[in-house]
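Alright, structures below, take your time with them.
One chain, chain A, appears in both complexes that follow, with chain B as partner in the first and chain C in the second.
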Partner chain A sequence: MAQPLEKVDHRDAKLALAHLFVAFTALALGGFAGLLQTLVRSGKFELPSGISYYTILTTHGVLLGLVLTTFFIIGFQFAAVSRTTGALSDGSRRTGWIGFWLMTIGTAMSAFFILTGKASVLYTFYAPLQAHAGFYIGLALVVVGSWVSGFAMFAHYARWRKTHRGQASPLLAFMSVTNMVLWLVCSLGVAATVVFQLIPWSLGLTDRVNVLLSRTLFWYFGHPLVYFWLLPAYMVWYAVIPKVIGGKMFSDSLARLAFILFLLFSIPVGFHHQLLEPGISPFWKYVQVVLTFMVIIPSLMTAFAMFATFESYGRSQGATGWFGWLRKLPWSDARFFAPFVGMLFFIPAGTGGIINASHQLNQVVHNTIWVTGHFHLTVATTVVLTFFGASYWLIPHLTGRVMTKAMNRLAIIQTIVWAVGMTFMSGSMHVAGLLGAPRRSAFSTYGNSPQALEWIPYQIAQAVGGTILFIGIILILVIVINLAFFAPKGETEFPVAEAAAPYERAALALENWKLWIGLVVALILIAYTVPIIDIIQNAPPGSKGYKLW
Partner chain B sequence: MAKLITAARQTKQEKEPALKGTLASVFLLGFFIIFSWVSVYFLFLHRL
Partner chain C sequence: MHIHKYEKIWLAFGIGCLIVFLTVVGVSAFAAGQQPPSCLTTIDPEKVDTTPPFDHPGLVKKGDKEYELNIVVAAFSFTPNAIEIPKGAKVTINVTSKDVIHGFEIPGTNVNMMVEPGYVNSLTTTFDKPGEYTILCNEYCGAGHHMMTARIKVVE
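Let's turn to the complex of A and B:
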């Protein structure tokens, strides 16, 4: 008799699904805004009067960069924790719902002020651009809501450890907790600038703002934010994909070590986003660039582990030669294909990141549309395609349905459409960036300067890519709606891989949270204490707010 | 018999899987990173 599938508790499933629905709603609205942007920047299309390019740019960035990602991640992690460590307690689940509603109310509030044209400050909301206070308060609610949800996960994890003394926690639970620790520590920076600088300033309680301090606190948050997006994708790669392909995880301890290294080295590195910023000593920029390069180690460990997982599986199926194992992978299974394409795109994405973080090379690409192309490879391809791939089993698992062959085929087409669209859009962004095209700004020929005219063909290519990507968004929404409401009833597995070596002692040492969080704090203090004192003590008078729209 | 099975399992576990494709893949990845980095570095030098 077949064993019943291990399932996420149905009450926890509702909590996870609520997060996923908000995430995909954000994808629909934010994706449409993205389409409009690429069309405007082609120079062939103008928005109807009254709508500003910067309003839709802010809508796109906030809804996709902050809302889609945060909601999907927290929903996915609640499901992963419930699946691997048992149903949440009533208290944890209630806390999770409080977190969800705080985030949702915050999102609605920020979205209202963006869409009414009172917060066209882009998703980085750099001072001295000044939004309506409601925008910042909404963002603060999103962050606080995510903390509340994080505490619900911590409490559940702590309870599991108390009842399983001497055992390493399940990998997905360990990874979810690591990611929430990372998020909690890094989002303190953005909370500090929003609550103590931007809200009083936008309410008129203070006249001027220390721009450099607010940007520094933003990037203290902004870079680990990228890893907060990436780590759930890595969870799928390490702990789910091996099971999907029918193989085993290469090493459980390697996966845990990679996550701890990401926790340590992804936070004290924000200055590599501020390399061209005056007011920060070159020495501290150098220190943070060195720490940034340390993050390459767990990224390459992940690349190695993925190749090794695939090759081990292929060889177990009789593959021969150097690359014969590639042929043994389940290319027609969208649960594998979408994340795999995401992994492939991470090769140029990660390479671009190393270029961005190198001081001299940063001068070539800084504030150009190369950077936009870069993060559309990292978050909008690697992360998002992995999230799509996870949705193909997660949503039917949570709704008690099964994905049909037709939907699987559509998901394969969706992945191909996404890859083609992104190759056009991000590829042309990279090239135009190297030719000096700026990011963020609306279409302009800059007085018909020859250099600006050179960018136009690439901007048209971006519009072509953006249009193809929008078709990809329509396809994924069709699939998600089908999986949530119309797919045949049945049971879908939540795949969780086993490690090739069943028990590795190193796993226990990697759950010594006092040690790891202590090291995180120490690294942050080393990297930030002196420069932040300098930024505060030697600050210029500060800036009043500007509303340039 | 049980001992034999355990010994066989241990041998199986100790045997490292052949990962020459992984080795080649990570080398290719490394070369791609170095090539891209050096290309942009030369662009930087060219524009000095």
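Let's turn to the complex of A and C:
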């Protein structure tokens, strides 16, 4: 070990850690809300009077879907950018802190109105259910804060490129920038509906709201949102995992190409969440269904790259036969094991996604608890297990500590607990959904309807799974607190893989942002211009606000 | 850009499947008419009670074995909430909401659509099996969301 470890600047480390701290706090609270939901829905448990199932459900969705993910991702990306392109400038770091505080204040504000029962509108806040204006303003601050942080990353990246002309940027920096571009372009939609429609309407400045326009703007954001969650997991898979296992990255250029394809095809696709809605012509729904399926291509590329990396490494270690390389992988290293289990869960998760977005099949599962089962595989297993796996080196790297063998063992157990709990919970959600059980609903037998009685055993299985998952949350919190405050002092590597193949010119062409952003805008205009004009021109009378909780 | 031979085979196979899949879905949508419910008719959500056909919600016979079922949805009820349909009837279901967004689902069938204020939504289905069916709301609409239900009885 002649060379010292390349480290994230300690001031940048603080910024990243602040984000991770909020993220794991959100996990603790949101996870507890999730436990309560599964217990209520089993029919065997009731919340104390005065606490509504839907308040708890809103808390769960906002804290885990929006807060945990966004804070973890921005913290991770600040660390990744600082690690690969050098310490942030004072200006960029200060901008990052402004972003952090805007997001934190916004989160606290929205949380206050949710917990006081003034915003039980779920994390999708569909008008004309009308929350307190403070809830929407808080959400707007979260989004604006994330933009400010995005600009800090863009500025840092632009400075790097200026001083490294003719070079392709480090992969992790490129990927972070791609993800923030994706986030910025898509969150314009949710910002538009929140700032121009919902805030004035909830303040009483306007009487009525165009419901379909608001939903359409929400889903213009809502689907790319899930790719904003997924891409940082892919960053770990592509750029970190090969180094963790001791191998090389399969192809640097193909990794970049996959990210550009995700950028292009994750936005003009929101209608596949609105397939069963009136007011949107089936032709435009189908156009967006086709665009939705284009993301299968970079997903297949990613699957290939991962398994090619694993197999190449195994064979380099002398593995023979078809599957001999599997035995060479470092199964007892939680930094590998947790993300690997996440990858395995992505196989059924992705398959379910294809079903959901299919023009006609959607009707069978739309708004059933199948969908909840689906995204508990994608975001709550694939993405979250990868984030946990990244935390096992990222947090000690940032705090100047090392993960002990005991903590590593606990992390392996945590991963297994998570996989078992999720198999129960998500599995029974999928089956109950196929039998017609609705999502986002408190326990009900619908007047002892024979169909609803069929769902109850699956709802009990969900509560069993939810309880196991909550144990998983306690375990991860123990590990994270240990890594942050109690683990022995020392140096932990921030692993960054090298590419197996020599440098290719293509990598440079993939940084032609004018071209890619131009294409993104063109695809969005093609997919959305005509239907949005239709929605506005043929709008019915708008809706007043309702507070029905 | 260098792409490994196996990756080319893998992607060609994947993209090939994708093309076949989207063609099947597309032909089924545009040639066979299997489209998701996408009614474009608008309505004033505050005048639902005075706008035909929702001023007299219920089952209307339109022809031999052909019916129209008009249902008004509001927090937290379906009107009417007890419906009898003869077995084998081809029923076009029209729904609209008087207040917020609701869902209209009949578990055990493919009947599933969003109900949004300002719009009528519609789909056609055939009730071939006699028995009791449940209508429920599958889009969160407020405190009584999970109590929102109605019954359909399909009779010989």
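Couple of notes before you dig in:
The criterion applied here is as follows: the second predicted complex is superposed on the first by the 547 of 549 C-alpha atoms of A that agree within 3 Å, B and C clash if a C-alpha of one lies under 4 Å from a C-alpha of the other, contacts with A are read in each partner's own complex, and residues count from 1 in each chain.
Just so it is clear, a residue touches a chain if its C-beta (ideal position, glycine included) is under 8 Å from a C-beta of that chain, and two chains touch if they have at least 3 such contacts.
What you see is a predicted model, and the numbers here were worked out from it, not measured in a lab.
Once the two complexes are laid over each other on the shared chain, residue contacts for A:I347 go to chain B alone; chain C is not touched. When the two complexes are overlaid on their common chain A, residue A:P282 makes contact with chain C while staying clear of chain B. Of the two partner chains placed by the overlay, only chain C lies in contact with A:Y126; chain B stays clear of it.
Contact with both chain B and chain C is seen for A:S358 once the two complexes are overlaid on the shared chain.
Using the contact criterion defined above for the overlaid structures, shared-chain residue A:A501 touches chain B and also reaches chain C. Of the two partner chains, both chain B and chain C are touched by A:L300. Of the two partner chains placed by the overlay, neither chain B nor chain C lies in contact with A:F71. Judged by the touch definition given at the top, the superposed model places A:F174 against neither chain B nor chain C. Judged by the touch definition given at the top, the superposed model places A:P541 against chain C, while chain B stays out of reach.
Between chain B and chain C, C contacts the larger number of chain A residues.
When the two complexes are laid over each other on chain A, chain A has residues 300, 304, 308, 358, 360, 363-364, 501 in contact with both chain B and chain C.
Chain A makes touch with chain C in their complex at residues 52, 54, 57, 120, 122, 126, 128-129, 211-212, 215, 251, 253-254, 257, 274-282, 285-286, 289-290, 293, 296-297, 300-301, 304, 308, 358-360, 362-364, 366-368, 435-444, 446-447, 449-452, 501, 504, 506, 538-543, 546, 548-549. Interface of chain B with chain A (complex): residues 13, 17-22, 24-26, 29, 32-33, 36-37, 40-41, 43-44, 47.
The part of chain A that touches chain B in the complex is made up of residues 300, 303-304, 307-308, 311-312, 314-315, 322-326, 347-348, 350-352, 354-355, 358, 360-361, 363-365, 434, 501. The touching residues of chain C, when paired with chain A in their complex, are 1-4, 6-7, 10-11, 14-15, 18, 21-22, 25-26, 28-30, 34-46, 75-76, 99-101, 103, 105-108, 110, 112-122, 132-134, 136-147, 149, 151.
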